[in-house]
Every structure is written in structure tokens, then in C-alpha cells.
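Multiple structures follow.
Heads up, the next two complexes both have chain A, just with different partners, chain B and then chain C.
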Partner chain A sequence: MKRKSFILVLYFGCFLTLTGCWSQKELTDLAIISAMGIDLTENGEYASTLQIINPSNVAGGLQGGGAGQGPPVSIYTATGSSIIEMNQRASKKLPRRRYYAHTNLLVIGEELARKEGITGILDAIERHQEFRMTAVIIIAHGVKASDLLKVLTPVDKIPAKKIIKNLRFTEEQWGEVFTLNLQDVKKDMTAVGKSPVISGFSIEGDPVQGSKMENVQTSDPETTLSATGLAIFKEGKLVDWIDGKTARGTVLILDKIKNTGISFDWKDKKDVGTFQVIRMNSKNIATMKKGKPKITVEVKAEGYLSEIRTAVNLTDPKILIEMEDTIEKTIKEEILLAVEEGKKVKSDIFGFGQVFHQNHPKEWQKLKADWHDVHFPELTVDVNVEVYIRRTGLRNNPSVLKE
Partner chain B sequence: MPSFFKRRQITKQKMKQKKEEQTKQKIGDYGTTPLPSSLKEKIDFIKSETGNSFDVIIRKADLDEKLGIETAVVYIDGISNTQIINDFLIHSIIKNRELHRKQPNKDIFEIVREEVVALGDVKVLPNWKEVFQMLMAGETVVLIDGETRALGASTRGGEQRSIEEPGSQVTVRGPRDGFTESIGTNIALIRRRIQNPNLWVEVMKVGRVTKTDVSIMYINGIAKEEIVAEVRERLNRIEIDSILESGYIEELIEDESYTTFPTLYYTERPDMVAGNLLEGRVAILVNGTPFVLIAPTVFIQFFQSVEDYYGRAFLATSLRFLRVLIFFISIIAPASYIAGTTFHQEMIPTQLLIAIAAQRETVPFPAFIEALIMEVSFEILREAGVRMPRAVGSAISIVGALVIGEAAVQAGIVSPAMVIIVAITAIANFATPSFAVAISARIIRFLFMIAAATFGFYGIILGLVVLAIHLTSLRSFGVPYVTPLAPMIPKDLGDTVFRLPLWSLKTRPALISSEQSQTRVGGDQHPKPDSSKKMVPNKQKGEQE
Partner chain C sequence: MEKAKIGAYQFFVLLLLFELGSAVLVPIAIGANRDAWIAILISTIGGVFLFLVYYRLYKFYPQLTPSEYMEKLLGKFFGKILAFAYILFFVYISARVLRDFGEMLLSFAYVDTPLFIVNTLFILVIIYAIQKGIEVIARTGELFFNLLYLLAVIGFILIVSSGLIDLNQLKPFLEQGWTTVFKVVVTETLYVPFGEAFVFSVILPYIKDTKKIKYAGIAGIVLSGINLSLVMAINISVLGIDLATRSQFPLLTTVQSIQIAEFLERLDVFFMVSMVIGIFFKASIYFYAAVSGTTILFKFKEPSKLVYPIGLVILFMSITIANSYSEHLTEGLDLTTRYLHPFFLVLAPVFLLAIAYMKNRKRKKK
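Entry: the complex of A and B
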């Protein structure tokens, strides 16, 4: 009995001393950081921007009507020669303990991404025990990250949340940008045959005006944030921006399109039809032909016609088949546009190299060394698109127009 | 000098002995002091012993005026049936005067016993101890001049509460009768359900002063003999002045005192006792309380309700799962709130965290203190609600709702989230089917809150580990408290958190019932009435025919 209780006490002694990471921190002592931005200053130092949530200005419905009185977030900035140093320096201005566990957005300034790259910055963030690797990363397009984080947004009061949701729903419904978290970026950066592409965000309007409460008190905010294009990286540094169809073509090859509308021409009339994709997937197939690498991009798309602004007999199956061919061509063009752009900047953002690595490991050993610079730009890319028009929406033939 | 102390010690001891003797006399422990033969002496002794209490009725009646043989009928008004005493004792004695003259060979005492007293249960009482025992239990004592024995006739009665629906364990479906304060009624209620000669009842008197009737009930052959013997032995061991409720017995015979968990089940429902007897358990009935103890008890019983067996198996199973959930909620809900908001903010979804943070912004206390304030004030409210006279009850609830629900939140002393947590915990606590375990959970909850405030979820998990160790260390009359989960008895698992259909519960609980009689349902009892399908022939067949 004595021995048993001794062992029990021993066990609990161990339990209490081996608690791992724990520390009591009251909720009211935490500065919940919703987003962190990192810029490069003129004298080569880092500048960090912390977007801190003011809970009582976000959650409404409490007595006293605290909601809407002040800004939902506050911005604190600090500069320093390393990420951790400057963040710790920010606590000089902060009345509370910085808390990164709910930081779901990391914004990198364009200048920093171009000049220094993102590899070094991510190390400090990866090591931090509070920072989540599932945080979304974006590049401030043409502006400073600090300006981007200052803009107040309507509807979703927390700007970081607005950006994340914005990306998510654009990806789901349109597809020129997509959500990428730190983990994905890290994977892309360590892979040899793939370079990361990161979505960009830019400010429309005056950044100073955007940081004021008036910005969210009108129905037509002067300053807004919008997703604009994809940043192509090469060896960790930003080299180019792509936008529009090129961007969508890229997302398409990466198989991240869920829903999108593809406009197509019909009988010399430009963009008179829209094909609404409801299911789309793409696959890259690598083959070696006489020692030369070749990629076949196979795309399958299903959907319905959501808009036809010309007279056409949609009840005729032959016409629908013809239409499918037209759409196939349109999609193929978009993909080739993206591939050309990638080749131009010599960065394999599509992960073609990875496919070779997986399917032709022996040949890959030879290609590996200068894949991005030599082999990728010379790569033959075939595109096979199969389009199925499943429905024509709730109508058969367009009503007002006659042939 | 030493001798002086010694003497003093001796006198002290003597004094003590004397005192003890006196108290023994006082509390009515007469041993086997015989009765005097003179009727007057007997009556005087009874009068002096009962302090001339006015409810002690002594009715003298002559048996033979010429020979001067007198009798006296002694009973206590209120606890005996006066009608029976009048009709079958006093009236009978008066009617049968001088009966002994016809039978000169026979002893007068024998004649009275056999022919005069017209009642079923008649006993010969040889000494004062038994006389007073009978008298105080509501029986009638017949004293005869010149005899050193007395007669005791069974005339118990008096005002009693009638059988009502039990207040503490209400069911929708099931019998509506509940135990009363009378042990005789209670035994009858059980016997009416189990009409079997093997339902055995043993009676004993416990309590030096109160001399309370306590009886053990079990089904011979189904109950384990070792357990019955153990119950008997533990009851015999009790030496206390009074037993006013079965709780006294519970505290004196339980296996482990230092635990918040009850190791004996108590119930007000005869059908529940009957069900438990049939599982091989032993019931302990105490006179003067409607609560009957059941031994041995296992932990899982507190999550079961009699209604589980009356309703459909699926519903019973899901309700039992719900009750386990309820138990955990009532233990760790406030603790989880404390742990979540002070240690593990990263585990709370951002949006929820912001909502909680906004509420806590104005609260001047740490989460633990806030939770403690709310829990304690709720406990105060509940206690007030239980103890207050019924007329004031509604006032309490209004004040409680306004003060705790509204004013505290508006004043910014307490966050609305905390109010929700406390409310859920309270409702979960009320929903626990067994009051005994609900009380236990109330106390443990505070320990968990302290654990959560010092170590967060880690502390809660540690607490749960300690709780599990504690539960497994408990025993009830030798039966491990958490059987059939630990030790695992696979064939008993059908009636734990699950309640399988009755036809598949083939055996009684292994550790509780006797090994000789484990079978409970015959083989192949699964109802598959093929005949019912033929009753309505399908159309095609009908046409062919």
C-alpha cells in the first residue's frame, strides 16, 4: 500500500513538472494579432505591421453599444534588423501581450519580396510556437504591406478576415487567385521542380483615407482592397506578376479551379457566350520523347451554358458539340498563355518538374540541375481539353435574337 | 503523591461505570429483568418508566371478581389500532369472564392466551425488555395479576401517510406507487411485485434509543450468500443511539467514507427495488423513511433509470449516453471555460475568441474568480430555493434571475458567456438522474475549476485521471465500483451505457448475483412472429387461392 501510494505520488510529481508549454494568460491581457505585415525600409531594415483586434469594437450587441464606435483593429508598427527583434520592439507601444495564435494572415511587401525574397522571413515564423503554419500568405501588390493592413473594410470588419474570405470565395467562384498558406509555400519552396505563386492584394484608392473610420461609414468606400493577380517567384524572390486570363490559366493547371465562367466567341462574335464550369480538373502527364521532356496537360471540364447573347439553336446536339470545341479552344489558349508567361520568366510555377521527378526519376537527375533555366523554357507542352456541356440553364434557345 | 492520583483515577473509573449503568437504565435497556407478579406493581413500573406519559393507556378489567383476578390492557394511543384493541381484547376479556371456572385444570395465563385474545399474532413476553419493545412498537400488552409473564398482541396501526407517487424519481411510464414511512407497507409493496417464497425478509432492531426496525430483503438463491452475510454482519455491528433515516445506516455500513460518490443506491420506488433484488442485490429497509438502500451498488447504476427498462431499447441507450454526457458537462463545463479562456486561447475559433474577449473586456476579475463567483452565487440560490418555504420560492427565483442573469451582466461584473456556462452546468446537474451523484458532481466541479485555473486543460485531464483512479479504487460490499467496465466483464456490458433489448440480456450481473442462478432469459427469446405475416396474405397469393 505504501509502495503504491509512493509510486502514485511519484507519477503525479512527474505530471506536474513535465507540463510542457503552459502559462496562464488572461484574455484581457492579450493583444490578438489578426494579421502581420512585413516590409523593407529604405535603409534595409525590416518594418513590421501588427494588425490588432479591438474585440469590443468587433463584437456587437453588448450593453453600451460599443460596436461601431471605434475602429475594429489598431495598427502598431516597429522596425528592426530581424523579424523577432522588431516584433518584440513593438511591445514598447503595446499595452498587452502579443498573441500570434490567431494570426491568420501574413502580408509581404512587394519590395521585400522582390529584393530579399521570402525564404529568410519564413524561418522566424516557422520557429515561433504561436504562429500557425495554416496562416494565409499574400503579397502586397504595388503597395506597402503596412498600407494594406491599415485599410478598414465594411461587411467583414476585421480586414485580415476580409482578405482571407475574399481569396477563398474568389478561388471558389472565379479562380484568378487562390488561397495559399505558409505550409504550401514552404512545400513549394523546398520542392525542386516547382516555384511558388502567391496571390496578390492591392489597394484601390487612397491608403490614408482607407485607414479612417469614414471609409466604412459610407455605402461606397473610397478605399477598398481587392485581389489582383498572382506573384511568380523564382528562387524565393518575386520576379513577375500575372493577371487576368494568364492567372486563371495558371490556377487551372494547378487544378485549383472550382467554379468559373469562361467567355467564348461564337461565329465571329466576340465573347457572346459564357460557359459556367461546375466541375473541372486537370492533370499533368510527363513523357520522355527521345530524351526530350514533354508535358501533356489534360483538362476535363463539365458545366452549363449560363449566357448566350446570339441567335443559336441550342436544341441541336451538333451545335452543342461544336460549341464544346469552341470552349475547348478558349481554355487551351488560356493555358498556353500561362505556360508562355512562365517560360518567359524561367520559373516553373506549374510543378511540371515535380511530375517528372515522380514519373521519370532517373531522367530527372539529369534535368534537375538547370530545370528552371534551361529545360523548362524549352519544354513541349501539349494541352488536351475535354468540355462537356451538361445543360443549357433553365432555357433552351435564346429568346429575343433571331438568326 | 502517586497514590493520590491513582485513587482519583479509580474513582473516576468507578464514576464512569456508575454513570454508564444509569444511562443504560435510563434509555430503557432492561436486560432480562423479570416481571413482578402483582398487577399493581407492574402497572406502577410501567407508569414510572414511561413518566406517566398521557398516551400510555392502561385499561383494567376484572377477569374474576370473586377470586380477585384482574387484568390490564396496556397500549400506546396513536400508534396502535384502537378499534382492534376494543373489539378483540377489551371486549373479549369482559365477555369471557369466569371462563376459567369451566376449565379448572388449565392455567389462567394459557386460557387468556388461547381463548380470550382473539388476534392472530400473540406472543408471550417473559421480561420487561420485551414488554417495552412491544409496547413502543404499537403492540398491546396484556398483564394478568399473579403472572410473571405478559401477553403481547399485534395491534400496530395509527395514522400513516398513504401510498403516493414518489417525489424524487418521477417517470412517465411505470408504476406510480412509492414507498411510505412504514416499513410494513414498504415490505408489502415489494412482496406484491415478487410473489415468490424465496423473497426473504430479515428484521432487526438498530439504535439503542430509537430501536428502529431495519430489515434486509433479498431473493434466496439469486442473491450471493456472501453479500447477504456481509450486509447482515455490517448491520449487526452498528452501535448507535438513533437511526432516523436510511442515511444513518448508509454512513455506517459503506465501504469508503472519504469519497463524494455514493456507494449505496437509495430509491423511493418499489419497482426499482424489485428489479435490483432480481439482479441479486440486497435491499435494506428502514422504518420511518421511504428511502430504501440497495447494496451492492455500481457506478453505472446512477446513469440508469427504471424507465429505461420500460421503454424501447434504442431510446434507453441514447438517453444513457446523454446522461453520461450530462455528468461530464456538470463536472467540467466551467473548468473548460476557464482553461480555454486563460490557457488555450489558440484552441478557440478566432471569431468566438473575439466575442468572448469583447465580453470579458469590462469584467474586472480573472476568469477563475468570475467563474467562482457565479458558481457560488448559483449554489446559494439553489440552496435558498430548496430550503425556503414554498410561498417565498417565487421571490427567490425572481431575485436570482434578475441579479445573476441581468444585473451582474449589465454592471459588467460577469460576462454573458459565463452566465451561459453556469446555466448549462446547472441544468446538466439537475438533469442527472440520481440526486446523489448530482451532489457529488457539484463538489467535484469546484476541484476541477481549481485544476483548470492552475494547469489549464492539462489540469482537467489530470483531474479526470485522478477521478478514474479514485472510482476504480472504490468498492461496494466487495464489488468493484465501476464493474462491468473495470474489471471488464464483456457479457455484462449489454446493460451499462447501452441497454440491449431484454431478450438479449441473458444473464444477471456476474459479480453481484449468485453463480448458481445466472440465467435470466431463456434461449431464443427474440420475437419473430412469422405468423403475423401470413395474417394478411399478399394480393397475388390471394388471387391464386
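Entry: the complex of A and C
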């Protein structure tokens, strides 16, 4: 009997301790933050923008029927002298508990990135046990992070999700921008021979108009968000923006491109053909020649011709080989364009220094100290491109063959 | 000494779980920077030699636990003092391991929960296991061994297939030369976790098939060494040296970076489970050694009655041992691995072995 009652007490003890409601968080008490933006205010403080999901307005039409009444996200802002402080201050306005585990996007205002850099800000986020290092980071190009997060977007209702998917698919299909998470940024920033490049996003149209529901109620939204170029960092601070071919060349060296279309000239006619890349990879090889560092960028691209608007006989393999040479030159130009830009701002965004560190550790000790300012701008960069045109799509010759 | 028998395979499993224990969770050998994995591999070889020392000692007295043969080798007085010192050492390390557990859990999951509650709940489980005896612990080990390896293999496949591993991060090899690597080996990794296998001297007399002990032990140490080295190499190649050094628990950060197909992510539970399993066995075996030592030294008839008081001591020690996690870690490096481990895990056993050799030679002459 005594034993039985003891076991009973033990059971109740377990009920009390094992239910796990020590610091329980009810779902209805959570403010799920989908994105966080950080800006610099005029008086030098930080301003944070929290994009919070309104669950009832996101749910599909079949489930609640109430979707579409209000905006899918709400914005809360606060200012403070530290990241944690201002976010906690935001709880004065928030009816719920802030929940960071689903924060997939961090937006840094351009002014903050230029003036103060991003090194300090990331510390609070790294240390936080709720925040994920796999969150994507972007820079608000020419606008404030708060304005960027206010814009409502069609198709993908949650703006943070739209931005992330936008980046991912652009990276896969075109290049110019790429997804970079906080961990990657941290890795790049701490490596001596590499500076981070972070994709930028900007607002097209009026930011105020973009924050209204009308923005998503038309087929042609007045205000949209679009990826615009890459931000080059040096010593943790934003120094320059690159765009277009320069940006794609950079992404190419970083070996992030999967598919892209490369336009090339053919016999004095500008941009008449397009080479669709299916597989592409690049490799940086470091060599030392008489104490001088040298980098060889080796690119291999494989694909097919997806467009040709001039008279050319594509059934002739010799012509295709000739065409491969032209495309190789085009890619090489793009890469050199990017390298020149990097050299101009004296920031090794390609990680060439890292390659030296990994393969020539002894020589690197001498180069390390002023790699970005002295050795990188003087670096000899060779580019070897190999292009293979495997097929020409569903047609052989273009219809403009006869001239 | 209780009447129990465990098999050689069970011993192998226990040794492996014990070695992986907390070592797989914290950044071991990180003093050697990118070459941490080399340092671990070298320590494994050292660990095998240390194990052979412990094994030779066991061979001299196959029926006796360390506290018993210490008396025979050093005489009653000194033998008892050394045996007592070992009990204190085992209790202290057990408390340290328990503290590790609490700190890990509090750092990343149960931020609001007091350390006392977490440690109490865990020590209750350990007390229960110890009371059931070594046979039950060994069988639990067999069960969890499969679970742990299943998780490890799945985790490994996930990390590889998410394309996170960048082997270039491990380059350049030996940037600071062999001296740094050997310094780390001699001051840290040789003892934690490989030298710690000395605790198993308490368990060796229980093993049935005595012929297999040597191979089971060596296999356990070599396999755990390879595993630890692999984990550290993966950590560094995924996180880069800076993040791996700055992370309190690099394995957690590595597991957190897994992202596959938009839904296979946030697998923190992998880390949680391996942590609970590893720490459970490490703390239990130290605890068991302390209980067994006390039983023999003070000639207790019922060892199970000793479990509660010693458990309580370990619990309170684990909380009062340090004010902060940093203090706990510093104490571990500056005191435990610098003075306690070399003495209890290397010097004392080697000294005992030397005496055992001399005594036996005399006996043969007679």
C-alpha cells in the first residue's frame, strides 16, 4: 500500500514537471515576424521595422473565407540605441509576443550599410536563440528598409516571401543577384581574403501607395519591389553598387549561376544570338609567379542556342565551334568587367585572397596585411572560358537564312 | 561490487557513447584551428595506448576494481587515499558533465527555465539508471546506440546533400605547424575524451568474455576518434573557422544550417537527442564509478542506498561549481584538463602499472 501511494505521488510529480508549460507560448499570443528591417535615424539611433503576419488575412479563401479583408502583414516600428533594446521597445505597440523563429528576411537600409556597416548589427542576431542564421539578407537600394517592407505584393501575399523567392529564381534563371544568408555573410566578413557582396532590392513607384491595399487590387500594381544589383562591401561597409553585366560577371566568378541566357554578336550584328546555359561552373586557381600573385578563373559552360536572328548555317559544326569562340569572348568580357569594378573600389569580392590563403599559406602571410588595398588591385587575372554548344533547340536553321 | 555480467559488445557500445558524450557537442581541439580534426586523430592513437595501460592494469587483477588493487599496490594507507581521491574526481567530473547538459539546454532551448530544475530532472533519470545497475545501463546503451547512429547517418546525408560542405574551408593544412597540433593533443584532447576511458576500469571486471575486451576497447576508442574527427571536420567545412570557433556548440549551428527542399530544416532536435543520449551515458558512468568506489572503500553492503546521497552531491555540485558558463569552461580548461586529468588519467595509472610490474616480477622470482 505504501509503495503504491508512493508511485502515485511520483506520477503526479511527473504530471507537474513534464507537461512542458514552463515558458509556454500560445499560438494566438505570438506575433510571427516574417521580416525585420534596420535603418539608421538622423540622430544616429537604429530604427527597426518588424513585418508581422496577420494570419487571418493570409489564409486561403477556401478555409476561412475572410481572406483579403485586410493587409496580409502589418508593420511595427521602434527606435533605440541597440537592436535588442528597440525590438523590445516595439512590444509597447504590439499586442502579442514577438516571435523570431520564422524571420526569414533581414533588410538593411542603405544609409546604415554605408555609414556604420553591418558587422555590429549581426552580433545580436547571431546570439539570439530564436533568430535563424539561415535568414536571407538584402540591402534596401536607395530607400529605407522600412519603406521596402511596407510595400504589399501580389501573387505571393507575404512580401518577405516574395523577396526571397524572387531572389532565388533570379539566381537560378538569370544571375545578377543571388540569395545570401546571414551565415554566409558572416563567413565572408571574417575571411581576410574576401569581402561580401549582398543583393539589393529597390522600390519602383511610390512607397506610400505601395503600402495600401489598392496596390494589390489592380492587375498592374503601381508600386513593385525588384532586385537591383549587388552591394559591394569593404571592411563591413557598403562602398559601391554594381548592376547588369558587371553584377552577372561577379555572380559568375562566385559560381552561383545555374541557368542564364548570354547574348552574343555574330558577324558585326549586335546581340543577334542567345546562348542558353544549362550547366555552368567556375573555379579560381591561384599561382605565384616570381613572387607575384596570379589568379586564373576557369569557366565551363554547357548549353544550347535558344535564339538566332541572323542568317547562319547552324547545321555546320564548324560554324558552331566558331560561335563557341564568340560566346567565350563575351563571357570573358563580362568577367573582366566585374574584376575591374572590384579593383576600382579595392575590395576583393571574389574571394581571390581566400584562394591564395588556402593554397599558398606561406606567401599569403606577406600579402595578407594589405591585400585589398595594394595586392588585389594589382593582381593579374586570367580568364579561361570553355563553351560547349550541344544543340540548337527544335529547329536547325533560322528562317532568315537566305538574304 | 554487484553481481553483474555484461558482454564485450555492450562494453564497446558503452565506451563509444561515453567517448562521444559531450565531446561531440562542444568545440574540442579548436585550439588547433583548422587542424582540429588532425589533432583528434592523433589523440586517438594516444588514447589507444592509454587504454592499453588501463588494460594491462586490469590484466594483473582481472577480478578487482581499481580501488581494490590500489590498496594492494600502494599499501592500505596510500591505496585508500588514492582510491578516495578518485571518488572525488569521479563525482566532480560527473557534476561537470551534468552542468554541461544544463548549460546547453538553457543556452538554446529552455532560456527561461532555472538550471536547477533541468539538472534535477536529468539527475533523477540517472539515479534511476544507476540503481538498476550496470547491466541495465549497458542494455540501454545498446538501444540508444542504434538511435544515435541512425540520427548521425541521417544528419550526415542531409548535410552532404544540402551542399553545405566546402572542403576548401579546411585548407590550408597545418597553418601554424605541427607544434600547435601537438600542444593541443598533449594539453587537451588526449585526456578529454580519450583518457577518460580510465573510468571503465571499474566496469572491466564485469565483462564476461575477457578475451575480447582488448579489441572491443580499442575498436570503441578508434571509432569514436574517427567520429569526433569527422564531426569537427564537417563543422569547420560548413561553418568556416571563425564561426566554428565562436560557436558555443558548433554541431548545433551546423545542424541548423541544413536547408533542403524548403521543409527539411530546423533540425535542432537532432542535436538535442544526441546531447541527451551522450550526456546521459557520460554522467552515468562517472556516477557509477563513484558509487562503486565508495561501496568498496567504505565496505557498504547495499550500494543502491548510496546512489541518492551521491546523486544529490553531484546535483548541487553541478550548480555551485561555477557562476557562469564561461567560468565553467575556463575552469574546465585551466584546472581540470591541466592538473586533474593528467594526474588521474595518465600519471597515476602509469605509476600503478609500474608498481604492478615490479611486484609481479618479485612474485615470479619467488
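A few remarks follow.
The criterion applied here is as follows: the second predicted complex is superposed on the first by the 374 of 403 C-alpha atoms of A that agree within 3 Å, B and C clash if a C-alpha of one lies under 4 Å from a C-alpha of the other, contacts with A are read in each partner's own complex, and residues count from 1 in each chain.
The definition used in the following text is that contacts are C-beta pairs under 8 Å (C-beta built on N, C-alpha and C of every residue); 3 or more make two chains touch, one makes a residue touch a chain.
Bear in mind the structure is a predicted one, so any value in this text is a computation, not a measurement.
In the superposition on chain A, contact is made by A:99 with chain B only, not with chain C.
Of the two partner chains placed by the overlay, only chain B lies in contact with A:56; chain C stays clear of it. Of the two partner chains placed around the shared chain by superposition, neither chain B nor chain C is touched by A:115. More residues of chain A are touched by B (comparison of chain B with chain C). By the touch criterion defined above, A:12 lies against chain B but remains apart from chain C after alignment on the C-alpha atoms of chain A. With both structures placed on the common chain, the touch criterion links A:183 to chain C but leaves chain B unconnected.
When the two structures are aligned on the shared chain, A:30 is found in touch with chain B, with no touch to chain C. Contacts of A:344 after superposition: neither chain B nor chain C is touched. Taken together, the two complexes place residues 22-23, 101, 132 of chain A in contact with chain B and also with chain C. Residues 8, 12, 15-16, 19-20, 22-28, 30, 32, 34, 53, 55-56, 58-59, 62-63, 66, 99, 101-102, 104, 130, 132, 158, 161 of chain A touch chain B in their complex. Partner chain A is touched in their complex by these residues of chain C: 107-113, 117, 121, 168, 171-172, 175, 239-240, 242-243, 253, 256-257, 259, 265-266. Of all the residues in chain B, the ones that touch chain A in their complex are 341-343, 345-346, 350, 353-363, 366-367, 409-410, 412, 453-456, 458, 462, 466, 469. Interface residues of chain A facing chain C in the complex, by the touch rule stated above, are 17, 22-23, 101, 129, 132-134, 183, 186-187, 190-191, 354, 357-359, 361, 364.
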